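Read through the structures below before going on.
Common to both upcoming complexes is chain A, partnered first by chain B, then by chain C.
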Partner chain A sequence: MVAFAILSVILLVSALGVLFFHNPLHSALSLITNMMGIAAMFALLDAHFLATVQIIVYAGAVMVLVVFVLMLLNIKEEGPRKTTRLFVLSCFVAGGLFMYFGVPIMYNAFAQFPAFNPNFNGSMQTLGKELYTNYIFPFEAASVLIMAAVAGAVMLAKRKFR
Partner chain B sequence: MHMGIEVVIFAIKLFLVFNIIMGLASFCTWVERKGSALIQDRVGANRAGAYFDFNLDIVRGFPSFLRPLGAPVTYALLLPVVTGIKIAGQLGIINTLLNDAVKALFKEDFVPDGVSNFMHSLAPFLAVLPVFVAFAILPFAPEFTVLGTVVRPQLAPIDVGILFFLAMGSVAVYGVALAGWTGNNKYSLLGALRASAQMISYELAMGISVVTIIIFYGTPDLFKIVELQEGSILQWGVFRNIGTGLIAMIAFFIAGMAETKRAPFDLPESESELVAGYFTEYSGMKFLIFWLGEFAEIALFSFVMVLLFFGGWHIPFVHLPAGVWWVALIGHGVLMAKVLFFCVLQIVIRWTLPRFRYDQLMNLGWKFLLPLSMVNLVIAAAWELSK
Partner chain C sequence: MISTQLVLTLSAILFGLGALGVLVRRNAIVVFMCIELMLNAVNLSFVAFARNWADLSGQIAVFFVMVVAAAEAAVGLAIIISVFRASKSIETADASELRA
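Right after this comes the complex of A and B.
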């Protein structure tokens, strides 16, 4: 419980840091902290596999690329942002619309998934079995999507050969 | 009461693991200093130690409580100590373990202009921390029973096992990247970019060769993997499945050398091009912490190699009774001997081979090692299925 409280504080602070740091690399580091915090959250729930994969994929692969690009482009520190009244208003409108449409959609989407297996204990074996039996279609669909993204990235990078 | 025993056992394990890391790292430092001298036909570090001639005058100058013993007895008592210090000095042990650290502690801690002090100091620790944390999942001796409790010499017995090692390997990039960025000069930045590109590239080959081993033994749990390698030498990971184990081992070893960023893969810190690469702007203890991390990484990779491919604590064709404390002790000794062998091997390779060119490095990673380990994985899986 204490660990959960400490983690929540770390997660919230780092999430706010992503938004409010002026230096993009500080924002990226803050996001890494957040990702690691989420992994720790998974570990607290005894989902060791999810925690490890969270670190490998998000903290290890995705964020490394982000940091890499930030360092390559050498983006300078932003000055203080100008917040006009219109900007604040549009933020609220966008947020409200997202809550109004997005939350019911997500709620319905999760309701349609097969029922949660009570024998699930977060170990690698049970997770693998679940993924390859009950959740085989979403799993394969996701892999097709990722494959399409990879093919697209290769096409973009090799544009001169078209 | 039961809880108390567990806490005590955990504390002892923590102490042991920390000592294993530091011991292996200092051993590697010493081999690097003195072994490189041996390879290059130099004398090497030998200037620290006892440099007085041992004669009776000095014995008389020693503490007064020794005087009643008379000169011969005092001589006999002090001779081993002084000779020990002299030999340690000649071998460079005092130089590498004591003098280097003390020297680094007293050096000026330099922070470049226009850089956040916090970020600059954070980088070396970010580079070292994942390596140290990864040691938590490594078992360092077989299980044994003491006072009625089964002790598993492993800090964190999590079921994902070896995957955690890969996760920590991928996080280790940040320390290097941050170091290069806070260096605030072009050499540091270039070194950091090279380092992160190299570490990302070789992570893939390493991950896939680890998956090959998971397929052989059907579990990612390091403890079970080692237990399954008991008996004949053919049970070792290297000799499994018609040579696929050997290829996986080679891929893992090359990728491991690239991950530790040492010659022939030391492009991130190549002194002829980038001064010192990503840690150009580091001095004193922070610089030494980078080196500690590098040597701890060598130890980590040797450790994982031995656990995955070379039978861990098992002696081939020898069956020892399970669950006895002296067997655990022997197992630990055998494991450490194997680990030390691979530590020394990595250092010998570092001092033997010249540096790659950058395109050669990338070609080796992406066009040779990755396809090789992928094909190897498919063959290994097919063979395992057909059994």
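Right after this comes the complex of A and C.
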């Protein structure tokens, strides 16, 4: 429980950092902190394999790609945003509507939440067995998707020779 | 034990922060990072549900969300690079024309 409290503070602060840092590179570093926190939270919730994959794929591959593009394009800090009064007003209206309609629904749903099932085994072995038996076709389709995405990315970023 | 409701509330707040970032920020790469933030929040709630019902389908869903997010990162950043090459800027407001 203490670990959960510390982790949620880290997650919220780093998410706010992504939003409010003016330099995009600082936002990216804050997002890496957030990804690490999410990975720790996965480990806390008995998702061992996903905690590992979160660090390898997100904090490793995806964020390296983002930081690489940021440095490649040499992005300057963006200036302060011209927030109109209408934008702030509509933010408050949307938040108020959510408080009025969404929170009671969530409260009711949370009150009659089914009991926690204690015999949950989230180990890598059970997940791997599930992935390679019941979900073998989506798993193979995912590899085709990644292949297509990589080919598309190369075609998009390639310089046009004329 | 951590209650599922607490995790779901945290995930909802993180999702809201990500959505606010998509609306507020103008830099396309920061908008992209806020989308990643929202995906992570949803993944967190999937894992919480999987633990609550002792059903691994939630974790499988998170695995495929990660796969699609990695593909999306590759294609999205390539699009950002080609937009930057065409208009010398990655402000989202400057990319309002499809014409290259």
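Simple rule for what comes next: the second predicted complex is superposed on the first by the 119 of 162 C-alpha atoms of A that agree within 3 Å, B and C clash if a C-alpha of one lies under 4 Å from a C-alpha of the other, contacts with A are read in each partner's own complex, and residues count from 1 in each chain.
Just so we're on the same page, a contact is a pair of C-beta atoms (placed from the backbone, for glycine too) under 8 Å apart; a residue touches a chain by one contact, two chains touch by 3 or more.
Values in this document were obtained by computation on a predicted structure and should not be read as measured data.
Peer 1: After the match on chain A, would you call chain B and chain C a fit or a clash?
Peer 2: Because the two structures are overlaid on the shared chain, the partners are seen to fit without clashing.
Peer 1: More residues of chain A are touched by which chain, chain B or chain C?
Peer 2: Chain A has more residues touched by C than by the other partner.
Peer 1: Touch test for A:M124: chain B only (first), chain C only (second), both, or neither?
Peer 2: The first partner, chain B, only.
Peer 1: If you stack the two complexes on chain A, which partner ends up touching A:M71: first (chain B), second (chain C), both, or neither?
Peer 2: First partner only.
Peer 1: Tell me the contact category for A:F49 with respect to chain B and chain C: first, second, both or neither.
Peer 2: So A:F49 meets both chain B and chain C here.
Peer 1: Which partner chains sit in contact with A:G60 here, chain B, chain C, both or neither? Use first/second/both/neither.
Peer 2: First partner only.
Peer 1: Check whether A:F101 is in contact with chain B, with chain C, with both or with neither, and answer first, second, both or neither.
Peer 2: In the superposition, A:F101 touches no partner, neither chain B nor chain C.
Peer 1: With both complexes superposed on chain A, which partner does A:L29 reach: first (chain B), second (chain C), both or neither?
Peer 2: So A:L29 only meets chain B here.
Peer 1: After superposition on the shared chain, which partner residues are touched by A:Y132: those of chain B (first), chain C (second), both, or neither?
Peer 2: A:Y132 sits against neither chain B nor chain C.
Peer 1: Please give the least Cα distance, whole angstrom, that chain B and chain C reach in the superposed model.
Peer 2: 15
Peer 1: Chain A residues touched by both chain B and chain C?
Peer 2: Touching chain B in the first complex and chain C in the second, residues 49, 53, 61, 65, 72 of chain A appear in both lists.
Peer 1: Note which residues of chain C are touching chain A in the complex, please.
Peer 2: 1-10, 12-14, 17-18, 20-21, 24-27, 29-30, 32-34, 36-37, 40, 43-44, 47-48, 50-54, 56, 59-60, 62-64, 66-75, 77-82, 84, 90-91
Peer 1: Name, in rising order, each residue of chain B that touches chain A in their complex.
Peer 2: 158-160, 163-164, 166-171, 173-174, 177-178, 180-181, 189, 192-193, 196-197, 200, 203, 220
Peer 1: So in the complex, the part of chain A that touches chain B is made up of which residues?
Peer 2: Touch list, chain A to chain B: 25, 29, 32, 36, 48-49, 51-53, 55-56, 59-61, 64-65, 67-68, 71-72, 74, 123-124.
Peer 1: Name, in rising order, each residue of chain A that touches chain C in their complex.
Peer 2: 1, 4, 8, 11-12, 15-16, 18-19, 24, 27-28, 31, 34-35, 38, 41-42, 44-47, 49-50, 53-54, 57-58, 61-62, 65-66, 69-70, 72-73, 75, 78, 81, 91, 106, 110, 113-114, 116-117, 119-122, 126-127, 130-131, 135, 138, 142, 145-146, 148-150, 152-154, 156-157
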